[in-house]
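Both of the next two complexes hold chain A, though its partner changes from chain B to chain C.
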Partner chain A sequence: MRNTIIWIAVAAGLVALPEFLSYSQQEILVFLAINILLVSSYRLLTLTGEWSLAHVVIMGVGAYTSALLTKAVGLYVPLGIIVGGVAAGLIAFALSYLLFRMKGFYFLIGSFASGEIIRLLWRRFREPFGGSKGLKGIEAMPDFSIGFHRFDFFEPASYFYFTALVVALCLWVLWRIEKSPVGLTFHAVHWQDHLAQASGVNVRAYRTLAFVVASGFAGIAGALLAHYVGTINPNSFSVEVMVFVLTWAIVGGTRTFYGPIIGCIVLTILNEVVLRELGLEQTRPLIYGAILILSILFMPKGLEGIVQKFLPKQEAR
Partner chain B sequence: MMSILEVKGLTIRFGGLTAVDTLNFKVEEGTIHGLIGPNGAGKTTTFNMISGFYAPSAGEILFRGERISGLPMHEVARRGVVRTFQHSTLFAELSVLDNALVGTHMSFRPNIFAAIFGRDRENRRRAEQRAREVLEFFGLADLSNERAGDLSHGHQRALGMAVAYASHPDVILLDEPFTGMNPEETEQMMGLMERLRAGGLTILLVEHDMRAVMGLCDRITCMSFGRLLAEGGPAEIRNHPGVIEAYLGGARHVA
Partner chain C sequence: MIELLAQTGLNAIYGASYISLVAVGLVLIFGVMGVVNFAHGELFMAGAYVVVALYAERFVPFFIAVAAGLIFVGLLGLLMERSLFRPLRDNPLGGLVASIGFLMILQSLAVMGFGVRMEHIPPVTQEVIEFSDRVRLPVARLYVILAAVVMLSLLSYFLKRTRFGWALRASAQDPQAAALQGISVNATAKIAMFIGAGFAGLAGALSAPLVSVTPHMGHSIIVTAFIVIIVGGIGSLEGAVLASVIYAVVHTFVTTFYDGVLADITGLALMLLVLIVKPTGLFGTANRA
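Entry: the complex of A and B
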């Protein structure tokens, strides 16, 4: 009952939020919602102990797929977003065949290489990917009416509502997975893969499962982005963006579900509000790097560690 | 009658080293079978081949007449041959209950779609029931919510067995279960193994603690330098000149 009230309050807060923000801040809010989905899906992958550097490129797979299909065959945009997620998952499944012959550091490098290969393919083939200029004039989300209110999705506030709804649904699914026996098995694979195997867990299948599901949600995030900004190119999904995702995850902490989300929100606010006020947004990579190093040195448990201190102690997981 | 586990001509080479050389032995159902030998005799390597951790270079391992050698570890486990590990190999970051729940993986296979839509409540309930039952058996019920890494050494060893036992195995392979235990803990652990045997479980154990091996095992296989040295009951092994020679380099007594 108490939880229901909290969730209704959160939902009401999110509905009211755009009212208090300027147009450009509303735009940032849309990106923030997308990035939360991106970093949360990344966390699902890290549950099995593997850190990929291809996650942002996989997100791009979702973006390209949805952008191309909605334009070429006139697919309805929300459907395109789902298909984008499925395509990202399928590409991840194909990659997993090679990548999960490796572990740890080798997996990291392997994922980076395969991500770069995908980006080179986008760059190389002007048909259909538009080469290094990428895709322009991507179909926007068509207007949508719910009787008393008509959503014009060129408005950032409207697109924020749509994005928030999709992201909330995706986060709910990710949460359900993590709290289920499947999530427990992911943890088991991470902490002791040999013992998990001795308990009959097909470790490789579970690593693949986490990679495919995480990639699917990253693909949805990418498609949401593509239909909002209207233009994507290979550099939208470069390793620089990947470093931001890693920074959100590390600064926030990956032991809890909310850790990476907090990291993403705090660093986005820092970046968009504080740095912009100071006129320092050009130095974003430098400052992110410094924050990453400082948080590893002085805050090894991440922001979630600070939050946990104030929460009642929970069961070990 | 067919033996539950049969090792035939088992050989493994690492480069030029033959770690296990044409080893043969049989484990009968419902017995505790010991695998002993001096350090470097190839006991753990044999163990790793039976559990599917290594694939043998030659020879085969039969479980109820079916060949299991060369299968990956999770496939061997799914057929009913489950191992534990040396030292305290556990999911140290997870709670004791969660450790046992991982052990129920084979009986209650998780399904991601069922999990998302909440259609696996019955399975989750039964898995938890099984996990609690196993923890009760191993005397760990009061510690369910502790972090596994925080347990005492003896409790950690017991939990390692609980994880294996949770999956309803036919054969359980124990890798040095008594290492680092005090006499009291050893005594308790022996009691647990006798109860497991009484329940029809077959146990194959690699062990250095001679007192435990002699007191517990129905049959003992002794290895030396990768080969079979002797096989028999505890009394035979205790008095076997070859075994005494291998352990003490020609001295008079063993155990």
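Entry: the complex of A and C
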């Protein structure tokens, strides 16, 4: 009962939030919601112990798929977003045959290489991917009316409501997966892979499952992004973006569900509010780099470690 | 046709030279410290910018600028060892992530100091060795080739014939056993980091007048270096050199006969193939990762 009230309050807060923000801040809110989905899906992947460097490229697979299909076939945009997620999952499934022959550092490098190959293919084939210039004029989300209110999705506030709804739904699914027996097996595969294997768990199948599901949600995040910004190119999904995702995850911590989300929110606020106010946007990589180093040196548990200190002791996990 | 092959072969030798300087340093650092230095491409970039700052802007003689590049980047390596890799010694993933942080800082400093535009560096020498009409080797490229041969021979001598070199190889093989024999792990780490970073700086400084120098040039360098160390077998210096040659030949020929992007894809596919079929690479035995 108490939880229900809290969630209703959170939802009401999110509905009211854009009212208090300027146009550009509303835009930041849209990106923040998309990035939260991206980093949360990345966490599902890290649950099995493997750190991929292809996650942002996989997100791009969703973006390209949805952008191309809505334009070429005239697919309805929300359907395109779902298809984008499915396509990202399928590509991940294909890649898993190669990548899960590797572990640890080799997996990291292998995922990096396969991501770069996909990106270079987008660049090489002007038809249909648009080469280095990428895709322009991607279909926007069509207007949507709910009787008393008509949503115009060129408005960042409207698109934020749409994105927040999709992201909340995805986060709920991710949460349910983690709390299910499947999620517990992911943990087992990470911390005790030999024991898990000896107990009859098909370790590779579970690693693949985590990879495919995480990639599917990343694809949805990518499609959400593509239909908002309207143009994408191979550089939108470069390693630099991947480094930002890594930073959010590491600064926030990956042991809890909320860790990466906190990392993403805190760093986005720092980036968009503090740096922009001070006119230091140019130094963003410098500051992100310093934060990454400092948090790995001095805060190995991430921000979630700090939060946990102040929370009453709940489930110990 | 023969001439085209000869010219492409010369280009491949030049490519192999600077790639092997970079890759050997990466392997040395990995071997001794067990850390994959993602910032290695940016160390190359730093070496190139030392030449920009001294030779192109302050008219210091080129070879003094190159030496300064080697030493400056070597010192950057020592800084990384002391501030990042030593505290994170028991945490290889942490070291890797910290090196990504360092990479972003170096890149950002280069942008702030020099701007994002491509630097113009006056050519060191216009001389060209002409083997025939269509087979020519610019002397500036010859410098890179000579430097690679000399430095790699020196490194090989150092590792195989001197006591410091033995200590270094011992720590690479088994850090604990080496420490028990009285070899200082910190000292060997410092030497490896100085040499490894210095080689990257040297390669960057020497090739600065030959390539487009931008703050983001490190990316393609580190991708190439990763391909080379994976194909050669991580932790194997000979493998890294041999793989540099293989990679340079494949990359140069695909670039000449098809196009650059396809050459990049071929290189990455080669690496994936090695990772799948023989993850230890052509020469590798190490499985510290």
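As a convention for this text, the second predicted complex is superposed on the first by the 317 of 317 C-alpha atoms of A that agree within 3 Å, B and C clash if a C-alpha of one lies under 4 Å from a C-alpha of the other, contacts with A are read in each partner's own complex, and residues count from 1 in each chain.
Keep this in mind: contacts are C-beta pairs under 8 Å (C-beta built on N, C-alpha and C of every residue); 3 or more make two chains touch, one makes a residue touch a chain.
Since the structure is predicted, the reported quantities are computational estimates derived from the model, not experimental observations.
*Asks:* Applying the document's definition of touch, where does A:203 land relative to chain B and chain C: first, second, both, or neither?
*Replies:* first
*Asks:* May I ask you to decide whether A:187 touches chain B, chain C, both, or neither, giving the answer as first, second, both or neither?
*Replies:* Touch partner of A:187: chain B, not chain C.
*Asks:* Go through the superposed model and pick first if A:105 touches only chain B, second if only chain C, both, or neither.
*Replies:* In the superposition, A:105 touches chain C alone.
*Asks:* Count the residues of chain A touched by chain B and by chain C, then name the partner with the higher count.
*Replies:* Comparing touch counts on chain A for chain B and chain C gives C.
*Asks:* Would you check which partner chain A:292 touches, where first means chain B only, second means chain C only, and both and neither mean what they say?
*Replies:* Only chain C; A:292 stays clear of chain B.
*Asks:* Which partner does A:79 reach: the first (chain B), the second (chain C), both, or neither?
*Replies:* neither
*Asks:* Looking at A:9 after the superposition, I want to know if it touches chain B, chain C, both of them or none. Which is it: first, second, both, neither?
*Replies:* After superposing on A, A:9 lies clear of both chain B and chain C.
*Asks:* Does chain B (first) or chain C (second) touch A:176, or do both, or does neither?
*Replies:* First partner only.
*Asks:* Does any part of chain A touch chain B in one structure and chain C in the other, and if so which residues?
*Replies:* No residue sits in both footprints.
*Asks:* In their complex, what parts of chain A are in touch with chain B?
*Replies:* Going through chain A, the ones touching chain B are 173, 176-177, 180-185, 187-188, 191-192, 194-203, 209, 213, 315-317.
*Asks:* Where on chain B does chain A make contact in their complex?
*Replies:* Per the stated touch rule, the residues are 51, 53, 72-74, 77-78, 82-85, 89-95, 98, 101-103, 105-106, 108, 110-112, 115-116, 118, 120, 123-124, 127, 145-147, 163-164, 166-167.
*Asks:* Give every residue of chain A touching chain C within the complex, in rising order.
*Replies:* 51, 98, 101-102, 104-106, 108-110, 112-114, 116-117, 120-121, 123-124, 239, 243, 246, 250, 282-286, 288-293, 296-297, 300
*Asks:* Name, in rising order, each residue of chain C that touches chain A in their complex.
*Replies:* On the chain C side, the touching residues are 36, 84, 87-88, 91-94, 96-98, 100-105, 107-109, 111-112, 219, 223, 226-227, 230, 234, 259, 261-262, 264-265, 268-269, 271-272, 275-276, 279, 289.
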